[in-house]
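To keep things clear, I will list the structure first and then write my remarks on it.
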Amino acid sequence: MKVKYDKSKGLTDKPLSYCPGCTHGIIHKLVAESLVELEILDKAIAIASVGCSVFSYEFFNCDAQQAPHGRACALATGVKRVLPDNIVFTYQGDGDLASIGIAETIHAANRGENITVIFVNNAIYGMTGGQMAPTSLIGQKTTTSQDGRTQALHGNPIHISEMFSTIKGVAYLERVSVHNPKNVMKAKKAIKKAFEYQKANKGFTMIEIVSTCPVNWGVKPVDALKWVESDLIPEFPLGVFKDKGDQNE
Amino acid sequence: MAKVLMKGNEALALAAIKGGVDAFYGYPITPQNEVPEYLSKHLIDAGKVFLQAESEVAAINMVYGAAGAGKRVMTSSSSPGIALKQEGISYIAAAELPCVISSVMRGGPGLGSIQPAQGDYYQATRGGGNGDYKLIVYAPESIQETIDIMKDAFNVADFYRNPVLVLIDGLIGQMMESVDFDRPVKERKLPVKDWATTGTKDHPGRRNVANSLHIDAQELEDQNIHLQEKYALIAKNETQHEMINMENPDYVIVAYGTMARICRSAIKELKAKGISVGMIRPITLLPYPKLAFNMIPETTKGILCCELSMGQMLDDVLISNKGRHKVGFFGRSGGMLPDPSEIVDAIENFSDKVVE
Amino acid sequence: MNSASNIKVAGFGGQGVMMFGQILAYSATKDELFGLWFPSYGPETRGGTANCSVIVSNEEINSPIFKNSDHLVAFNGPSLEKFKKNVSPKGLILYNSSIITEAPKGCDQTCLGVPINDIAIELGNAKVANMVMMGAYLELTKMFSDETILAVVKKILGEKKAHLLELNEKALEAGKAFVRNASISYA
């Protein structure tokens, strides 16, 4: 029998720890496939963050470091500066990147660190149990905004890709989603392109992926995908925010 | 080589280069700015890595990354900056990554002052990071000793896979002394860094992971037991102190860093007055030279702990003394530096200084 | 020279006070003695008072901090006022008589005013006033040879300012000549 589809060699055999209906698994697969297809898996160093993806160092089939909360881009900088020929990427959620780690992320981008950031935005803190994230929507009910997020009390959801598009050191920046097959294909293309840019020493690349959290959103997995389409994407529109193309740093 | 006159901070930086530093990540803070300034020129000229980070927090985490990658890496800061690095230091210690941190102490608490002080003994030896971790903390008393220790610091860090903190006060950082960079360094047989995250291409079939997360309780306890065994080995092998005039002293002074040097002069003055005073000078503050206190004769009338703080090492003196002798304390803080006559007074009026 | 000399150098920021002290410490190092220098200044360095402490010793230096100095070199009035009370009884006080017009009263130490600004201006560059003071200081203390001092000054000036060496040498000599003419000595 011919094998038509197999698990990516870019992932270990460790069972994923993510909840049913969460799209972290798809995103892991896309990153792993990209590393394998570009033949960079054996020189890749993954920087895991704190949050639901805290265990990602166990899932990516390459060397890895586990960062303190928010500091993934600092670790990545530390690694990449001493190992410039390796491929270094961070895998971070919205709490880790857009709240506690925003300074490290902005400055890594501004320095044009030749690293790739995989930024998974599901508008909530998953690991700690559904607290409000910096990207939670106005009106979104979370365990720390029980009557819904309000602008007056909590401010507006933060738009990372829009902000980072103004930073000169950014070589490539796209917001994608994985809520249906067409978008999964697009997301894969974006992630692969980011790693290609890193291979070509073009500078900082970040792919923001709008993701789901059915458990903490309190909806069924299928409805979570629908909510991505109906609510999240209107707030966080998909598209390329920056592409330096052939320009080098 | 002939001696050269050099500022403490610059000498520390040059000694780090002599010690084989590959990368430096840091953030400006007075009174240690000459360390990154010197390295920004000389490391980059040597094709090594220098990066001014966006904060102390980022800097220590860059250190984590580069240490995990197997390189000899350091950061430098001063008291409030070291406070910010504590989280990262705990993670680095937990992940058993070698690195060197230098701290040039200034007055505290809070923003304090930029004058020399020793108010960060607790910070250095107890730390503000979470969990059961320990650093190896050196407290040199001169620029020469700072150089000698810095040259060996990366070897010690690599040997034990542990962060090393070199703690000096702002006076050592800012003053200039005649120093020799060519004194010999202890030979150490260093293990290969087969744990470094350099890509699986370098170690096919094995993934290297730098990590401090052990979600399984037994696994974490086992790791803590392993760490404690390592710390015990460090205590056995690396504890350093100097004993001065311990034949039959009337009093014994315990002091480190600049304070120890001030006390050396005081001891000479006291000798001229017919008072015999010895000194225990811890060179490692962690591990602390507890056993040295067993050498204090029964006939000694008391121990005077002298610090440029309100009394922090005093705790370790009390622990090490085990109630055998009377213990007194003399301290100045905030950047006030005593001259030797104040120590002479304190010994002559020892009974006023007794705390226990 | 005594086994160790504690020296306090003080004045306005910009008068070359720190450099004066450093030249002594560099010279000690060059002569294979022990030299130690440390600054004490705050935000007032610009136009305010700045001072540094220097120890030159033929044995290893213990305390960097000293209460009484053997030598005080005061470049302005406030410095003289502040530090003269902490000069050893057998010590030496040198002060800048171009701006300190009244000699200090009731001091037992060897005490000499040198009009360093006037002498420097005569030489054509007010900036070498500190080297005039250095000449006076060395003539009295005999701490270092001309050869040592000039080698140190040459190194500090570097290639860029090498043309200033001659002027510095003249300033040094002018300071020495002033002391000789004042017929004063210090053991």
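Chains: A, B and C, in written order; residue numbering restarts at 1 for each.
Simple rule for what comes next: a contact is a pair of C-beta atoms (placed from the backbone, for glycine too) under 8 Å apart; a residue touches a chain by one contact, two chains touch by 3 or more.
It should be emphasised that the depicted structure is a prediction, and the values quoted were computed from it without experimental measurement.
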>> Spelling it out: a chain qualifies if it touches chain A and also touches chain C; which chains qualify?
In response: B
> Looking at CA centres, what chain is most distant from chain C?
Replying inline: A
> How many angstrom between the C-alpha centroids of chain C and chain A?
Replying inline: 64
> What whole-number Å value describes the gap between the mean CA coordinates of chain B and chain C?
Replying inline: 35
> How big is the gap, in whole Å, between where the Cα atoms of chain A centre and where those of chain B centre?
Replying inline: 39
> Within the complex, which stretch of chain B touches chain C?
Replying inline: 2-5, 171, 174-178, 258, 261-266, 268, 337-341
> Given the complex with chain B, which residues does chain A contribute to the contact?
Replying inline: 12, 41-45, 47, 54-55, 57-58, 61-68, 71, 74-83, 86-87, 103-104, 106-107
>> Which stretch or stretches of chain B touch chain A in the complex?
In response: 22-23, 25, 49, 51, 53-55, 57-59, 61-69, 71, 73, 87-88, 91, 95, 197-201, 204, 207-213
>> Quick check on the complex: what are the chain C residues that touch chain B?
In response: 22, 25-26, 28-29, 32-39, 61-67
